């Protein structure tokens, strides 16, 4: 049948695209991967005009902002999901859920703008003095806060779904034994959703890891050792800030392509891991 | 006993406070954009392109270039994505699959594609642009945004189509319809609300993205007249203009943010509306 | 004649507009097996779940009337509902083991009420698994996940779990309807043994089962209490026409 042949071709094309992306980025990174040693690539000096491409500040920058984002987002997301799924009366639930969807739909640039207008002054004016330091506000903490806001909806909606999927019988059994609601939630609901929560965290991590615009606007873009109230320079910002100059310096293009390739590999691994975990969770509920 | 009760009350309040923080942040973001953006809106802002050059920015003109640019990009990308997504989504139905192993693999690949950061897609597209001798342009932006939309749209369409009961398809076959006829006349009709929502979802994602088009669509104060022209967009307008120290530029950025947010909210509200009302032929 | 353990007084339960339990007043005798019989969907489960206040978990439910346990109204808002539930152990229709090991399932109840001593918990687990007739089958694999047990074994585990919090009353909601005949028989045997120390209330739609184990019978139909009394009286000499019809199998 002509049409099913066409559909097969189109589908094939879509699958090929992913492999093409991997292939292209790897190929473009190859020059720098083959000529520089791992030690050079992991060094601290980034001076493209001198041929020095040490990625450590950027890798650490990405890790720092992602870590701060996850530290903020994980407890808040899980606790919020618990409230929505377990404590909120039906009417309240109907009001809160759209707000989570709203957060999910806001474009990242708007988060960035909010970061610049609200988070940065908040950090430099209140939080830094509170902790006894000074800060311009364009720092790891601000980036972490902004990223956490972006990650909330993913984690919250997955967790709510997980919690709502816990069968009523097991909940009742716990309550019938005289457990308080919190005890039931802690021992039964959260515990049995644990693998799914891990998957949600991984997906949230992937989102924070790959974010560009919002982070760029508040992180300070300075390739130094990251500190909470000091600036940093994540890989995504590195690429976005320098893609314009990359053709003029030898190896620069390859270096930025390598940065992109690193981002690609990490995101692919995260998705696979999260997918595998969620598959197992689905299967468990389907059978039992 | 009191200890347990205290614990219960404590956690009840703790989780409620967390919810308030999250909901409050969503509100704060929207309110900030409205407060900053609304005063910046004027008829000239939305109907004129910038005048006075990129670096002064304070002088008159508006952000029509970005508004139209974003609409061109998003509509173009969505159209391209629909053309690809619909066949794939239909393919993923068991009817067409030769073995379910392959469809599982396809869905797996799509999940991975979904997670690829947009800056990575931008770098990929940049390479393709150089390779094909293209320039940063509307056309390139459309292609990369379509790539961004594909996983979202296919996944949502897939879900919508899968919700069509098998009995309905069987009834159509029993009457002698071909696979294609059944797909187009029965399945698509029944799944139509879901398909429309899938399209809107992808559209909303595309119009809000900045990293991928930053690298591939260029930027311009003018409205493009062909696919080869560079094009402005709302996210990039916000990004570039908010960084300039001139108050006129910042105002444009806020106005752009306001409009972008309005578009995204509209898209989401229309989706909700469609799901509720637009089910004339849909059998429950 | 011992004082009734539970005294239901003018209990009414509504699910929204549906009046599921209509003005029911009945006493449940101490240390006997009381069986609530009646056709499916007639409200007997609702009545049953009103005894340990699980019924109030459903949204839109309204309750009026009193349920006195040892002269204390459990619906008094000042009362702590978790203590009420602790007094009543419940087994559900489908076994619902908690997602933990066999040991942890039984220990769960005592733990949430504050028990910490390891040795004591060991003793509690063993005692109640024995009482439920499951000890010999699991004594060598207490740390295995409860989900590995057969459904008959799981139901006995749920019984042990319920007993571990040392309730006074044991409630069984169609405890054997999801089980095979051999497991059903075992559960019935355990329930019959329990009445030495506990007041047992069982809901069932299996008439034969009721006839086998009941000391006291409550016949419930369409939300109304039709007849109640010692089992010999109700089964051999039913007073109401509806009861007779049900026993004959006319209504089911």
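To keep things simple, chains are lettered A, B and C as they appear, and every chain counts its residues starting from 1.
Going forward, contacts are C-beta pairs under 8 Å (C-beta built on N, C-alpha and C of every residue); 3 or more make two chains touch, one makes a residue touch a chain.
Only a predicted model underlies this, so the values are computations on that prediction, with no experimental measurement involved.
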Where centres are the averaged C-alpha coordinates, which chain has the largest centre distance to chain B?
C
When the contacting C-beta pairs are counted for A-C and for A-B, which pair yields the higher total?
A-B
Nearest whole angstrom, what separates the Cα centre of chain B from the Cα centre of chain C?
54
Distance between the centres, which are taken as Cα means, of chain C and chain A, whole angstrom
49
Averaged-CA centre spacing for the pair chain B and chain A, given as whole angstrom
18
If I count partner chains per residue in chain C, which residues reach a count of at least 2?
82-83, 112
Where in chain B do residues touch at least two different other chains?
4-5
The positions of chain A in contact with two or more other chains are 180, 183
Taking the touch rule as given, give the residues of chain C at its contact with chain A in the complex, in rising order.
52, 54, 57, 59, 82-86, 88-90, 92, 94, 96-100, 108-109, 112-113, 147, 158, 161-162, 165
Could you please specify the touching residues of chain B with respect to chain A in the complex?
4-5, 7-8, 11-12, 14-16, 18-19, 21-23, 25-30, 32-33, 36, 84, 87-88, 90-92, 96, 105-106, 108-124, 126-128, 147, 150, 154, 178-180, 204, 207-211, 214-215, 234-235, 238-239, 242-243, 253-254, 257, 260-261, 264-265, 267-268
For the complex, which residues does chain A have touching chain C?
90, 167, 169-170, 172-180, 183, 187-188, 191-192, 288
Chain B partner contacts - residues on chain A that touch it in the complex
1, 3-4, 6-8, 10-11, 13-15, 17-18, 20-21, 24-25, 28, 75-77, 79-80, 82-84, 86-88, 96, 99-103, 105-114, 116-118, 149, 152, 156, 180-183, 185, 203, 206, 209-213, 217, 236, 239-240, 243, 256-257, 260, 263-264, 267-268, 270-272, 275
